[in-house]
Amino acid sequence: QNRARLVISCPDKPGIVAAVTSFLYEQDANIVESSQYSTDPEGGTFFLRIEFDCPNIAERKQEIENGFTSIAQSFQMNWRLHLHNDIKRIAIFVSKEEHCLLELLWEWQAGELLADIALVISNHEHMRNSVESLGIPYYCIPVTKENKSEAEQKQLSLLKEYQVDTIVLARYMQILSPNFVAEFPSRIINIHHSFLPAFVGARPYERAYERGVKLIGATSHYVTDDLDEGPIIEQDVARVDHRHHPEDLKRIGRIIEKTVLSRALKWHLEDRVIIYGNKTIVFH
Amino acid sequence: QNRARLVISCPDKPGIVAAVTSFLYEQDANIVESSQYSTDPEGGTFFLRIEFDCPNIAERKQEIENGFTSIAQSFQMNWRLHLHNDIKRIAIFVSKEEHCLLELLWEWQAGELLADIALVISNHEHMRNSVESLGIPYYCIPVTKENKSEAEQKQLSLLKEYQVDTIVLARYMQILSPNFVAEFPSRIINIHHSFLPAFVGARPYERAYERGVKLIGATSHYVTDDLDEGPIIEQDVARVDHRHHPEDLKRIGRIIEKTVLSRALKWHLEDRVIIYGNKTIVFH
Amino acid sequence: QNRARLVISCPDKPGIVAAVTSFLYEQDANIVESSQYSTDPEGGTFFLRIEFDCPNIAERKQEIENGFTSIAQSFQMNWRLHLHNDIKRIAIFVSKEEHCLLELLWEWQAGELLADIALVISNHEHMRNSVESLGIPYYCIPVTKENKSEAEQKQLSLLKEYQVDTIVLARYMQILSPNFVAEFPSRIINIHHSFLPAFVGARPYERAYERGVKLIGATSHYVTDDLDEGPIIEQDVARVDHRHHPEDLKRIGRIIEKTVLSRALKWHLEDRVIIYGNKTIVFH
Amino acid sequence: QNRARLVISCPDKPGIVAAVTSFLYEQDANIVESSQYSTDPEGGTFFLRIEFDCPNIAERKQEIENGFTSIAQSFQMNWRLHLHNDIKRIAIFVSKEEHCLLELLWEWQAGELLADIALVISNHEHMRNSVESLGIPYYCIPVTKENKSEAEQKQLSLLKEYQVDTIVLARYMQILSPNFVAEFPSRIINIHHSFLPAFVGARPYERAYERGVKLIGATSHYVTDDLDEGPIIEQDVARVDHRHHPEDLKRIGRIIEKTVLSRALKWHLEDRVIIYGNKTIVFH
């Protein structure tokens, strides 16, 4: 395929779209999708994502990037050019709850996940067969208070070895250290089993039950050093009532969790998510 | 109409439904709707709401209540018998935002609100015409830090004079004192402009904007002394995205607020809401 | 477990609930859930579903049924008593699309499907491994215009051999003959890939695309001789827009299809669905 | 305000966005929102909507239009330039059901409807006071089989007199003649009280009740000569169950109807809806 996408952010001022699209036209590119957003047309930040087809894009990538540099500099752009065929390599981390992992595996098999699943890392053994039967490496690295630092080193070394771009925490119940997070800035996606910022922290379904809420939710967000406080990518909810015990909330919640995580991950994989401060811009 | 409803709570044990329905059968009552819930069939609390038709129920109410007393005592029941024609008298409190009040007035005109709107109380003047033109008394009682206690006395005196059963806080932005709340236990319904327990307190839409949530919500709950902590009756949400500024969230939120408040109030008016601890059982 | 459920329909008149619950009380039963509906309290049809716990229900089932007969006769009841432990045996029929089958298999593994999956029947081979690896028999019976009658005979013979109670058409793309349907009245559940009655028949996603609808849906219904006209159990929808081609609608639709079918099947398995005319009463 | 929007459709080929945005840049315009869609990047139709700020746009409109003509011709564009301050003048047609009209009036009062309500036309008298009290002219034109043609002539003459741009059928229960529709091509918006294409024609709620659907809906569409077959702008649904009679469906449906109509109208008023064949592209 000859498809690529250009993702740009820069101070907003007149002429950005004209300059970018004129450049692409000169490269024989045909724009197939374009999304933009400005935090403030007067002095704010401008975000642009353009998907385009361009003959021989793979061969010409370096040349196009070189040509774009002067435009990028004149507008003080942060920018990235991604080829559609450069599939991101992801690692999925999982603990005991398997529904999110299974959903991602199923979508991957169905060809709906634009990613290479490089490996699965768990602190438990029980999903080994399901994962390895698909030809995906599975590593069990138990984590305790004592060995946490060592365990993270093992994980990091595997992530390096497998050239992982993005980490998906598919109900992985260990808190990552700041050192670990710093190695994958804006590239770790978590699913939290509540409608954040309600029920930050542990046992959200039990606390939702205690509070007597009428809707429960799930939140997918980028991981930062502040637990459950990173930029939110996607959220959704489901209706519950007085008859539901915590076990029912968990059962209902699983469907929301896997759906929300899957949507967030897909948008990330297509570079549709841009982090701005502690928030996200999602071009979908 | 000959319709009535019986609302019961008591320790759960075998035989409750049999005793109640046999009694109603002996009174020539025909059950048209019945809902029940037990927190635990083994030693929990049992809740029952039965709607029934019974000839000459208005004349026979006292007699039926007397007859039911011995059953009620033997099962240690809390119970109430309501005639369908005994419409609840409500007071609507409102501040500057008018959408919730307007929704309730419109539904009342359309015959969809099973209530007498006894009066409207506001700390502002601007809704006087809309309310009075419908023949509903309107009282403007400004509230300041200094006169708060005095203002509440005026409100309580009006509520007494108008024989008000239930108070609806339709975006009334003053916090009621514990003394005031104690006069209407479990009979003050508020609409909070967030998906509680997220964004308890002031300026929820601004804080939702800051946090970058992808859904905003509204919550209708009974008022207790703990601000925004009372039993939740109903909640709902709407989707938002990065393009929405706080003003947009408020605009989108207004539709959720009025819808959620209207649903919660209707269930309350039909005695479908039972408070249990700090939670509600809603038989809808 | 000592749990059972009693499902009743009969002409509505006073005293039904009193008679049934008094009888259950005499059997030492404790009611844990009860739902009722009357098409018209004056001369309509009354439906009742009661879940109860009763000591030694398995041993006493016959005795309780005998005892109930006189009540049942006096009210002209249609009724069934089901033990919770009498799990229904189901057959899943599938063609090429596998998502609905996979969802049911996953829920079954997670212990969330109150059914024994007796066998899977397909007109294709490709799901054999996934099914057999779970220890479930898989039969591939190709169907053509010429062999249809013979193929149905094979299917019926397998269904008999495996003592199947309920058939689930999980995107099975062959139309069943009236003879076949007559063998499983009100016990064949289909998932149709549109929001019925819109797009009855073939290629609903293509036709939804042509019409330019802004929501697509799925419908689970009992199969009757009239194609796509049987009693609807459950429906749901998802939002789409002008950017979605038929392939996108199919992808989005798969999530709705599997969710709707799963919900409908679960309600059926717990005897929460009662057919009345060409409609369903669902006690959930 | 200096805001305007440019809406374009033309055969897709490379260079369109570059040409348009370069032209706008030369006019000192700052793009604040841009949406585009191509039915097929290879030889399909391309749609573009750009909102921009431009100093003295009101004075310079003619000059800018002249300047754009050569670009427009070279790409064979259909195009329109709208000033944000050129508010569309609308006529609301209503029959007996008043909820949609009331919603639009309320949003108009709240400043949320970017339109001048030029007049209201009804075949009944009962809404006169509500409308006239807001200073909006109200015309009652009864319609019968006999006087239909004459009545439409009166309507058309009023629409001309009041310089109406768009007609909103807010539950107007008369079918407009092809002659009438031809006078306002793609400028008559209807709300149909069903989830089209289900229940085309009369009495949709009664038919939804008969069919036993589990969701009901509403559809806003442009009016064409084929009844209920025009391009769909927006749809939504609400959940119902076996307890709801046709009157309940109507009550629940009213909320969907007014919400869907309001959304569709707002998008139309901001030129976010483009008709393509019998479908719409909605840039929201």
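Order of writing sets the labels: A, B, C and D. Residues in every chain begin at 1.
Methods note: contacts are C-beta pairs under 8 Å (C-beta built on N, C-alpha and C of every residue); 3 or more make two chains touch, one makes a residue touch a chain.
Quantities reported herein were computed from a predicted structural model and do not represent experimental measurements.
Colleague: Treat touching chains as neighbours: how many steps, at the fewest, connect chain A to chain C?
Modeller: Minimum number of steps from chain A to chain C: 1.
Colleague: Could you run down the chains that neighbour chain C and chain D together?
Modeller: Touches both chain C and chain D: A, B.
Colleague: By how many degrees does chain B turn when fitted onto chain C using C-alpha atoms, rounded in steps of 5?
Modeller: 180
Colleague: Report the chain whose mean Cα position is at the greatest distance from that of chain A.
Modeller: Checked the centroid distances; the maximum from chain A is B.
Colleague: Measure off the straight-line distance from the CA centroid of chain B to the CA centroid of chain D, and report it in whole Å.
Modeller: It comes to 38 Å between the two C-alpha centres.
Colleague: Let me have the rounded angstrom distance from the C-alpha centre of chain A over to the C-alpha centre of chain B, please.
Modeller: Roughly 42 Å separates the two chain centres.
Colleague: Quick one: which residues in chain A touch 2 or more of the other chains?
Modeller: Touching at least two other chains: none.
Colleague: For the complex, which residues does chain A have touching chain D?
Modeller: Answer in residue numbers: 12-15, 17-18, 21-22, 24-25, 28-34, 36, 38, 41, 53.
Colleague: Hey, which residues of chain B end up touching chain D in the complex?
Modeller: 99, 102, 106, 110, 112, 251, 255, 259
Colleague: Please give the residue numbers of chain C that touch chain D in the complex, ascending.
Modeller: Interface residues on chain C, with respect to chain D: 37, 195-199, 211-215, 217, 231-237, 241-243, 276, 278-282.
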